[in-house]
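Each in structure tokens, the structures are laid out below.
Both complexes below contain chain A, partnered by chain B and then by chain C.
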Partner chain A sequence: MSALLRETRFLLRDRGAVLWIALALLLSAAATGFGIVEVRDQRATIAMLLEEDARERKSALAGQEDWGGAAYAAFHLTYAPPSDLAFAALGQRDTAPWLHRVRILALEGQIHEADTRNADFGLIGRFDFAFMAATLAPLLLILLLHDLRSAERVAGRHDLLVATAGAARQVWLPRALVRFIGLSLGVMVPFWIGAGFEGTAPGKVVTGSALVIGALLIWWLLVELVARGKASPPVQLTGLVGLWIALALLVPATARALIEAHTPVPDGAEILMLQREAVNDAWDKPKAATMQPFLARYPEWQAWGAVDKPFAWKWYFAFQEVGDMQAEPLAKSWREGGLARDKAAGIAAFLSPASLVERGFERLAGTDSRATIAYEDRVRLFHAKLRAFHYPLLFREPPYDPLAFAKLPRYRPEP
Partner chain B sequence: MSLVFRIAREEWRLWSRSRVVVIAALTIAVLVGVTSLLTARGVADQAANRTARQAEAEAAFFAQPDRHPHRMVHYGHYAFRTPPPLAVFDPGVDAVTGQSIFLEGHRQNTAMFADARSGADLGGFAALTPASLYQLLVPLLLIVLGHGIVLRERESGTLAVHLAQGQSGLTLMLGKALALAGVGGLLLLPVAALALAAIAGGEAPLAAVLLVGGYALYLAVWALFVLAVSLWLDRRSVALGMLVFAWLVTSLVVPRIAIDAASAAVEAPGKIESDLAMLSRQRAIGDGHNAADPAFEALRKQVLDQYGKQDVAQLPINWRGVVADYSEKKLTALMNEIAEDRMTREAAQSRVVTAFGIVSPALALGAASRALAGTDLATHHRFLRESEVLRYDFVQALNNLHARALTYADDAARSSDPEAEARTRVSAKAWSLLASFRFVPDPASARAARAVQPLGLLVFWLAVLCCAVVVGARRLRP
Partner chain C sequence: MTDVEPLAVTPALEAHALSLVREGSRVLDDVSFTVAPGEIYALLGGNGAGKSTTLLTFLGFLSPSGGSVQVNGREVGADVAAARGAIAYLPEAATLYGHLDAYENLAYFLDLAGRRVDRAALEAALDQVALPPEARGRRMQTYSKGMRQKTAIALALLRDTPILLLDEPTSGLDPVAIDEFHAMVKALAAAGRTVLMVTHDVYGACQVADRVGLLRGGRLVGSFEAGPQGRIDTETVHAAFAARGAS
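Showing the complex of A and B:
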């Protein structure tokens, strides 16, 4: 204990070390602060859009005179609100959409709309806590610990210190431990305060903290291994920075390139083209070409399935769904390709502590690829509910009564 | 002069004997080589693929059968953003913005299917490109090479010998600078090779030369910074720590802070948000599918007066087509207003980001590099604007056909009368009204103009660091 207190006193007098820890604190505070501003902004946007959306739907439905026109006119907002941890890892929220307005038309034509922000944001990336903890904190740790031994060696005190202490461990362990704790606190305290502000579930905070500290422990071990060599401080630092580049940058980038080459996904544009051709061809084809596959999926509408006019709403919406059905295999393999890539990335992340921390945070925060796909699944589910609501009205054609729309399905985000 | 060269040669000899330096240099060389090849191949594939798809989309449009013109309005068309030749070096925002856009009547869709969306997420940095390697890693190599360039001599005592022999600090410095410049020149060879390849692929020499010049400027800034630190500090390990710290802040922290700052400083609503805000104004324009919409009352009076008729059924043109044309025009003006507003805001955000280039050469160079390569946000905006013109032109050409080639009576009866419906089908020959579209970025001069400001920031740094080095060299003492 006294060794730790002694080293803490030394640390406070070591201007270089205090600088690195203060920098960690500052960067972590900035990352947390920016993250909180952004998620609050996103929540405010969603709250505002929900109101606008309800108002718009009401006025769009007001002018309608038949079930088909009403189904055509009513848009519904779907969204994925940021979770209580999203402030720490904005993840895919800058590149994947988390807002849609869908209606009962073919879903494939709507779900791939990308409501993304400024492209520069997705390109450069945000300074969020996950990036700070996964990528920068290790580099700061390296700068803090790399010359513990070699600096004493250069100063000529190394052998004396070791001899006086009896065992080498008794000198370096407390000294490195104090610095490690100092840096970890510098990184984590702003995050904990931010989590307090955001009301993050304690379980997520504990897991996230363990992830960051665990990864930093690995980095400490690496620094320790390199520091035992007798190389000069600059050579050691060069080696460590090289190691950092390899683990934080090259391994993830290489893994990513390999995974993407190994697991191809279909060209997204094909989904849309296929769907468009299917939907548009339907106009020129005999009505049976649409109604047959449609009724095969929905035998319950068989009795109402005859279309005798050039235009009928039920036929119009049926061919929208048949268009989706045609694009289904492609859309499915696009979705599964994304999941497979994500799974492979999850395994590859074990090669890089930095990837592991960032992915871990994105998973906890619900901002990873899997969460993006889960949101899409929810939109699909909701769209299916919309169809299930409108089809009875379109096929049975009861007298038009706008009061029925009080029971329109409502989108519920994941709790 | 020969003295300067001898000093430089001595430095090169030392480097070639240092294992650390050789390993670092070889690693970077292999990385740059492999990344360049992979990126070049990937971009070439993309370019060929998108050009082919653009042609396919046009052929599909022309091949549509006889039908009602409004059906072609919704059949729509696609525009593909083909990557420019210099994208082999810096693909820029290509991976984050969608690469194709569906064009149809009454809507401005977003560009869809960005690569980043289906990419394997390993956090941190986006995929490596030659540009990002140069921006991030090459400075580190200069740091490893150069941090001890003067300090080594100081620590080993040879600096005193040099100075005692009557060499001025400035001569010594010139030699050291030449040594670093030689490395920089070697490092620039891959950029130059890719730039030449881009020129062979049709790129304007001005943009390619400026791109190489921009990277040369960037490496010069770092080399001078390394030199200055090595001159002004007195311990190697402190110098190296300080340089790594500077690299960390300027290359990793500031660019991302700039993004957060821009996002917080300039509010730029997303598409759905601005679309919703637009809806009430859109309703005031009227629904172009519904010729009886009261919003078209004024238009009806005006057209009836113009032709001296009492009822739209007596008009020599198809009233429904007139309404479609009129509402598309109004709606497009509104949509463009909103889209322009969004693009202006995004451009303002990007200006905030670029302004941070004053403290981050990496950020300044990145902005200049994307601008010159034609892969920046402004080029994506150009793509959005051009595809909008394409959309509006073919939609209005179809609406014009709708107004002139169809009779109002047939058009009104087509939903219930199969014979009238058959008469509303226009011959497929008319579909040739669609213009051919091949996306190309701005001319090189316009791209160069966008790169001037960020390159100016680099020049500013170069000047400041030159002064620091010269002053440091003059007062060099053992």
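Showing the complex of A and C:
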């Protein structure tokens, strides 16, 4: 304890070290603050749209006179609210849509035409806590620890320090430990405060903290291995920054490029185009070309499947679904490709502590690829419920009664 | 040449047939000497003679290629921490922390050594080395080389160890301060401290030491003791030093 107190006092007199720790605190506070502002903005957007959604649907349904028109006019809000840890790791919420307004038209196009609200910003990624802790904190740790020994050698104090202490570890271990603790607190305290504001589950906070501290311990070990050499401080710093560039930037980028090349995934626009072309072509095709595949999937509507008018809502919505059926292989490939890429990225992350921390946080926060795919599956499930609600009305064509819409399915986000 | 004499008591420091090879070069070759408790022994030699290297073997920073080094009768390699705990080491051009003042530097290093001393003891040690009181609260980066050396000497005193290893201790000190330092070292020896100092200052070594060993090319090539008048003859040592070359 005495050694830690001694080194704490020493650290507080070392302006350079204090500056790096203060910078860590500042960056972490900024990243946490940005994250909280963003998720609160997202929650406010969802709350506002939920109110609008109910009001607009009521208004749209009020002017309708038949089941088809009502089904066509009604929009339904689907959304994935940010979790209690999303402020720390915005992850895929930057690049993948987390809310849609869907109708019972062909779905895949509706899923893939949605874009982030700020796609340009999404391209460069957001400065969130996970990025700060995974990528920037190790760099600050390197700056704090790289020259503990070598700077003392250059200053001619190394032997005096070790001879006075009796053993090298009695000098370097407490000194490095105090700096490690200082940096860890600088990084973690804003996160802990942010988690308090956001009401994050304690288990997530503990796991997230353990992830960051565990990764920083790995970096400390790497710094220690390099710092034990007799090279000068600039040479050691160059080597360690090179290692940081490799592990925090090059390995993830290379792994991503290799995974993307090895696991091709169709573009969302391809799915959108295919499905739209299928739907648009249906207008010009014989109605049987739509109804046959539709009724093959829904044999229960065979008795009501005849279309004897130039336009019928049941035919219109049937060719919407047939459009989805044609886009299904591509959509499935997109989904499975995404999961395969995610799995491969999970394995590759073991080569990079930075990737491991970011992925760990995104998993905990429910902002990773799996969460995005789970949300899209939830939208598909809800859309299927909408169809299940409307199809009996469209095919059996009972007398129009707007009171029936009181039983319209409501989207429920994942609890 | 060896300088081993039968002693009634265990030597505080002993090098026995000490050899050291570094990067293929023999930097110490069959060096033997002892330093008795309370004795001042000066290792004299030119640059590269092996003086500082000898000190570093007593501190366990360098392991002998042959022979042995002992502190208080124990092999240094067997318990480096014990050897270091018995020794206060004053390196050449001791650079304490420039961003700390003298009190903070002393407190830091003493804490590192496991010693707690009060402010009065710090003041007494700084008085003893004659560091001006007005300088003591200033950052050491504003100190002259002599003031830094005095502070380092104060640290060695405050360590209160039975053995002092001093590497060119008067380097950077003015003549008055050197005389004061020699008097202080003699007083410490009189109080029972053992002093091994390495220097290339022939006059200073002869002034302060009970015995002088002359190192050349890693070998102990001469040994000189005080004569009947209680002093080592500077002329003789200087002649040996000059005749045999600086290293």
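In this text, the second predicted complex is superposed on the first by the 410 of 415 C-alpha atoms of A that agree within 3 Å, B and C clash if a C-alpha of one lies under 4 Å from a C-alpha of the other, contacts with A are read in each partner's own complex, and residues count from 1 in each chain.
Note that a contact is a pair of C-beta atoms (placed from the backbone, for glycine too) under 8 Å apart; a residue touches a chain by one contact, two chains touch by 3 or more.
A quick note: this is a predicted structure, and the numbers were derived from the prediction, not measured.
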Assess the superposed three-chain arrangement around chain A: do chain B and chain C clash, or do they fit?
fit
Which holds for A:155: it touches chain B only (first), chain C only (second), both, or neither?
second
Looking at A:296, would you say it contacts chain B, chain C, both, or neither? Reply first, second, both or neither.
neither
Rounded in steps of 10, the angle in degrees at the Cα centre of chain A between chain B and chain C is 90
Looking at the overlay, what does A:170 touch: chain B (first), chain C (second), both, or neither?
second
Counting only touches as set out at the top, which of chain B and chain C does A:309 meet: first, second, both, neither?
first
Just to be sure I read the superposition right, which of the two partners does A:44 touch: chain B = first, chain C = second, or both, or neither?
neither
Does the superposition put A:374 against chain B (first), chain C (second), both, or neither?
neither
Go through the superposed model and pick first if A:22 touches only chain B, second if only chain C, both, or neither.
neither
Touch test for A:10: chain B only (first), chain C only (second), both, or neither?
second
Once chain A of both complexes is superposed, is A:54 in touch with chain B (first), chain C (second), both, or neither?
neither
Using the touch criterion from the header, give the chain among chain B and chain C with more contacted residues in chain A.
B
Chain B and chain C, closest CA-CA distance after overlay, in Å?
13
Spell out the residues on chain A that touch chain C in their complex, using ranges where they run on.
2, 6, 9-10, 13-15, 155-157, 159-167, 170-171
Can you list the chain A residues touching chain B in their complex?
16, 27, 30, 34, 37-38, 45, 48-49, 52-53, 56, 59, 77, 91-92, 95-96, 99-101, 109, 112-127, 130-131, 134-136, 139-140, 143, 147, 150-151, 154, 232-235, 237-239, 241-242, 245, 248-250, 252-253, 255-257, 259-260, 263, 265, 267-269, 272-273, 276-277, 280, 283-284, 309-311, 334, 337-338, 341-342, 344-345, 348-349, 352, 354-355, 357-359, 362, 368-369, 372
Mind listing the chain C positions that touch chain A in their complex?
56, 59, 61, 80-81, 84-85, 87, 89, 91-97, 99-100, 104, 108-109, 111-114, 159
Of chain B, residues touching chain A in the complex
20, 23-24, 27, 31, 38, 49, 53, 57, 60, 64-65, 67, 71, 74-76, 78, 80, 92-93, 95-100, 102, 109-114, 116-128, 136-137, 140, 144, 147-148, 236-238, 240-241, 244-245, 248, 252-253, 255-260, 262-264, 268-273, 275-277, 279-280, 283, 346, 349-350, 353, 366, 377, 380, 414-418, 421
